[in-house]
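Structures incoming, each one as structure tokens.
What follows is subunit A paired twice: with subunit B in the first complex and subunit C in the second.
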Partner chain A sequence: MTRYIAFRLLQAVGVLWAAYTVSFLVLYALPGDPASLLAGPDATDVSPEQLDAIRAQYGLDRPLIVQYFDQLLHLLRGDLGTSISSGRPVTDIIGEAIGPTAQIAATGLALALVFGAGLAIAATYTRHRALGQFLLALPPLGVAIPAFWFALLLLQWFSFAIPIFPAMGDKGPTSIVLPALTLALPTGATIAQLLSKSLVTTLREPYIDTAWAKGAGRVRIHFAHALRNAALPALTMAGLLIGQLLAGTVVTETVFSRPGIGRVTASAVGAQDIPVVQGVVVFAAVVFVLANLLVDLIYPLLDPRIRVGRSPLTPRGITPKTELTGARP
Partner chain B sequence: MTETAALVAERPPRSDEDETFASTASDRFADASRNRANPSRSARGGLRRLRRIATRHPGALLAALWIALILLSAFAPALFSGQDPLDGVPADKMQPPSAAHWFGTDQVGRDLFTRVVHGSALTLQAAVIAVAIGLVVGSLLGLLAGFIGSWVDDVIMRIADVLLAIPSLLLSLALITALGFGTINVAIAVGLSSVAAVARIMRSEVIRVRSGVFVEAAFASGNRWSRVLFRHVLPNSIGPVLVLAALEFGTAILAVSALSFLGYGAQPPAPEWGSLVSTGRDFMATAWWLTALPGAVIALTVLSANRLSRALDNEGRRSR
Partner chain C sequence: MSIDLAHTPATAARAAEPLLDIRHLAVRYRTNDGHIDAVRDVSLTIGRGEKVAIVGESGSGKSTTAHAIVHLLPNAAETHADSILFDGIDLATASRAQLRRVRGARIGLVPQDPIVSLNPVKKIGAQVAETLIVHGLADRKSAAYRAVDALEKAGLPEPELRAQQYPHELSGGMRQRVLIAIAIIASPELIIADEPTSALDVTVQRQILDHIDLLAAETGTSVLLITHDLGVAADRADRIVVMNQGEIVEQGTPAEVLGSPTHAYTRALIAAAPSLNAAGQVERVLEVLDPDVAARVFGGRAGEPFVARSRLPGAADATLAPAVLSARNLVKDFALPRASGGGTQRAVDDVSFDIPRGQTFALVGESGSGKSTTARLVLRLAEATSGTIELDGRDITRASGAELRGLRRRIQLVHQNPYASLNPRLTVEQIVADPLVAFGLGSRADRRRRAAELVDVVALPRTALGRRASELSGGQRQRVAIARALALNPDLLVLDEPVSALDVSIQAQILGLLSSLQSSLGLSYLFISHDLAVVRQIAHRVGVMRLGELVETGDVEQVFSASAHPYTRALLDAIPGAHASGAPVIGR
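Take a look at the complex of A and B:
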């Protein structure tokens, strides 16, 4: 178990480093001149001397590899550089934005889990064929709807037509509802698709027949036997889903004019503020890694095969060779 | 002797339309050469297959029709609407949907339906470029990783893993920051951020195909590796990637319209689906149609692309 956690931690650090490297390559090494980006999007009449001055100020005149390791050292000390448009440290900008984003993201995730899992369970549990088919047809619809359009429809219905929720800002708990619903739609639809697919396959497994034969009831089979196993593949996607949720805040916070990571990203891209964009990418990688670590800790609770040190990928019913030889007298 | 002759005479004469199973090797050879000589037969087989898909999945048929309409409007917008997408009639501004203006008019009296029809060209162009980039770069990388194996596989797939760890919208935003704004740059950014997913699927298919006996036979009969790769492995492993391409087309439309909604793509007077919704935001309280209708067109197009991808996937599984 300790080895399992240690290995996962090491892997997490590796992913973070790699994500940082990718963002560095994209933002600094792609054909394109960071210095003229730094000079500002509408600065067309910058003299070469001014560009050189900017290069010297941000250290862009050094070889790429030196810049890379210099930035990596700063990152290890928790320094993501300073924003070009505001001159403030990127860590401060992101740190301030985490709070409001966490509110809508957490609510959105909770809504997505409840509705997504609820829909999957209802669709596979019902004996009413038409109802099941109808429920299974909903998630593809949820995936196809553009988030910005859904957000605007929500605004139209619940802020303008029937003024229940405020149209913008982050004052009071009512302002969380509409943004959270917008974030929950694609995530919930994905959860519903994953979970219903894996529930359908799990319910065809032979051990479900065994449970029937032993006289277990329908509710018990569905929730205690099938759901626990079916949740595993859906859980693997948690890191990706939370990343998707975080990326969704860019559109959501723009539509609802809320402060947060998404707004920071949108305005940083608009102003071509390279250090802030890089900071957000690294932050997203941190969130992805943390979510996956959390899943790795939940995994052994759901799947005892991991607790005894076997890989979750070993097919059911096949005992790894090492254990067979180990059991021999 | 006469008995056998009578028996033979009883067999119905073989015609070109004969569908009986070729039981001997020479029959099979004859069938094959007839098919080669007469390609319309296989075309008719393709048509029959299409008809079967259509009757079995009526939803997929509707989806295909919708996509065909959208494609047609991208290439020949004048077929759908004779009005001008850029010049409006100020007297007709802010009219709700009616028989004269199906989608209503905007703040300067331009017909919204005309703008959506003309906008499909920009949006689809960006989506097609994005899918093409993702497909070509992704399948080449996946092909190399799966075919060569060893350290090449490790390096390519670890990079793909990392790219998958960064949410694709954020990755495209980072690419746009570096590349600059505009429809083409948005398309490139969206395409590059889908490379990892394509590479992954391609690689797993190539690994499945590479172990096939016919690949071994192709090597044994003295083909160069490039010929084996492009003549034998690629055609047999491209299927699932094409299914993914249909899905990616829908995702690309979503991503492109979201990015132009945020203002990084086509700039306002030019009609583009995402920016149409974005300009409609300013008049939401008074003119619901300016945001609702273009958005509905986007949603229907993405839904159709996803539905087609699912139908292709089912057919692919059946024939394998």
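Take a look at the complex of A and C:
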């Protein structure tokens, strides 16, 4: 088990390093002059001397490899550099944005889980065939609806037509509702789609028949036998959904004019504020890696087959059996 | 009649009634192209304490009948029955709640495949105790104790330890015992055992069936045994019911059914059942290929079917060694995963054998004996750790590159599972011609012609050429696989359990085809099987493997009738049907 955790931690560090390196290469090393980017998009009349000054200020005149390791060292000390447009430390900018984003993201995730899982369970639990089919058709629809359009509909209905929730800002708990719903829709739809598919497959497994043959009822079959097995593939996706949520904040926070990581990202990209963009990339990578690490640590608790040290990739229920076509025992 | 009344002491009149009385059961599956009548009209009774076996091939409706009793059929099934009376309760019209009270508590079901029939994320003990808990027969604590008792009764060693384990930590045979414990823990009046041992090795199969017999005898429980194996049914049942295409064609005591079968289908089933014929050589009429056909289709050189050779196929060549392939001191070690402590496991341990030219050498053994790994070494799909393999006197143990590819033309493989070994999206013609394409042999027209000829040789209709593998039955698919293996004119075919996924009558046909091809073309076979009865029919020489070692090698007659080795004797004794009462069929 410690080996498993150590391996996962090592992987997490590797992913973080890779994310940082790729973003550095994209932003600094690819053709294109970071200095003229730093000078601003409209600065067509910047003199070469001014560009040199900018290079010197940001250390861009040093060899690329030196810049890379210099920045990496700063990053290890928790220093993400300074914003070009505001002159404030990037860590401060991101630190302030985490709170508001965490509020809507956490609420959105909770809503997505409750409604997504609820829909999946309802769709497979009902004895009413037509109702089940109808419920199963909803998640693809949810995935297909563009977030900005759904956000505008919510604003139209619940801020203007019936003014229950504020249309913008981050004042009070009511301001969380509409952005959280916007974030929850695609995430919840994905959860519902995965879990319902997984439940349908699981309910056809022979061990479910065994449970029926014991005289177990529908509630027991669903909740004591099928759900835990069906949740395993859905859990694997949960780590990826965190990434989806974070990406969703860009549109959501812009539409609802809320402060947060999404807004920081959008404005930094707009202003070509390279240090902030890179800070956001590193932050997103950290969140993503932590979420997946958490999933990897929860997985063995739910699936005993992983505890004995088998890789999660080992097909389940299959004992190693030599067949001429099969893998080595 | 209410269920509560059913628990009152049975009256004398009641005791005379059968426990289960099925009248005119029909089950129909809805499919996309209409419907399939899986069970047409089945009427069946099981007395108290009686053991009834339903025997039939796949598609005969035997499993469907068993599952229909307790309404455990897929949603696509429509069931009609005049009545299914179980101790006075009509299960055909029972409510869901009534059915639930019968399932598990009064009718126990032992399912078919132990590997997939236990919930992988729940502990064994909890899964066994669940039967008591859902019926309110025990509280959580006493249910746990009784689960351990039931596991012990089902013959599982160290039941306390097992109860704390998860299914993946147990072998197939142990899992089947767990499923038996689940079925018996609530002391049901009827146990339905649906092919309870077909996924298990013969020695384990015997132990499990013995145990079911013992438990039933102790408690007076009735048993409905579903099996494809007439030998198993003959050994175990008071009464045999033979089903074919959804109907009962014959029933009676084992002596009646096996001794004087009245229905043609029963006679065909008896003739085809390898286990019943294991005691004696089956007289099989070999349909030897027409010499003209053999010369035309297999007149080419080995590995070069479109290049003529001087020697006619099948003709003995005195200049060649008597063994087409010799394996000497083969060893194969596998590295164990580091997570389980590392080290190596010896899968094949000092194995030596010769495959006689134009004959069949069979490797027999139970799962894990290393027989398939040995075949992989011979095929050079796996590297031997040490030892040598010689083909026609040439050492091929370390052949690589072009030499290895050349080798592939001479040794071909027929897989165990014809459902998985053929690409379902290719047509039969493409599948059969595939080895020719792989080696760039012949023109497109040559290959088409050869595919058509090969399909003739394996006795498939020409119309099959344009069909996809997914449209064919298991037996037809295995014929396609054989045609594919023959495409390159190989010297040696490695047949890995080629008939174990097939029904007995189809098994007999495929074995017949293989024998005919061998005698017409002089092919040599390495035949891998767990089924001694099948081996008896096809092999000339036999090697018995156990835990990676070859414990005995000899001529088939000598091994089967006069083996001195205790393990071989144990395997032979475990063959079902060996003590069948229908003596006349043996040695037909």
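Here are some notes:
Assume the second predicted complex is superposed on the first by the 316 of 329 C-alpha atoms of A that agree within 3 Å, B and C clash if a C-alpha of one lies under 4 Å from a C-alpha of the other, contacts with A are read in each partner's own complex, and residues count from 1 in each chain.
Basically, a residue touches a chain if its C-beta (ideal position, glycine included) is under 8 Å from a C-beta of that chain, and two chains touch if they have at least 3 such contacts.
Just so you know, these numbers come straight off a predicted model, no measurement behind them.
By the touch criterion defined above, A:15 lies against subunit B but remains apart from subunit C after alignment on the C-alpha atoms of chain A. Touch criterion met: A:272 reaches subunit B, while subunit C stays clear of it. Residue contacts after overlaying the shared chain place A:246 against subunit B, while subunit C stays out of touching range. Of the two partner chains, subunit C is the only one touched by A:225; subunit B is not. In the superposed pair of complexes, A:264 makes contact with neither subunit B nor subunit C.
Subunit A has more of its residues touched by B than by the other of subunit B and subunit C. In the superposition on chain A, no contact is made by A:94 with either subunit B or subunit C.
Once chain A of one complex is fitted onto chain A of the other, the partner contacts of A:27 are limited to subunit B, with no touch recorded for subunit C. Of the residues of subunit A, not a single one touches subunit B in one of the two structures and subunit C in the other.
Listed in rising order, the residues of subunit C touching subunit A in the complex are 70, 72, 74, 100-105, 108-109, 111-113, 115-122, 127, 130-131, 134-135, 166, 168-169, 171-172, 179, 182-183, 334, 337, 339-340, 345, 347, 367-368, 370, 372-373, 375-376, 379, 381-382, 413, 415-417, 420-421, 494, 496. Those residues of subunit A that touch subunit C in the shared complex are 3, 204-207, 209-217, 220, 225, 228-229, 302-305, 308-310, 316-319, 321-325, 328-329.
Contacts from subunit B toward subunit A in the complex involve residues 158-159, 161-171, 173-180, 250, 254, 257-258, 261-264, 274, 277-278, 280-281, 284-285, 288, 291-292, 295-296, 298-299, 302-303, 306-307, 310. Interface residues of subunit A facing subunit B in the complex, by the touch rule stated above, are 15, 18-19, 22-23, 26-27, 30, 32, 37, 140-141, 143-149, 152-153, 155-156, 160, 239-240, 243-244, 246-248, 250-251, 254-255, 265-266, 268-270, 272-274, 277-278, 280-281, 284-285, 288-289.
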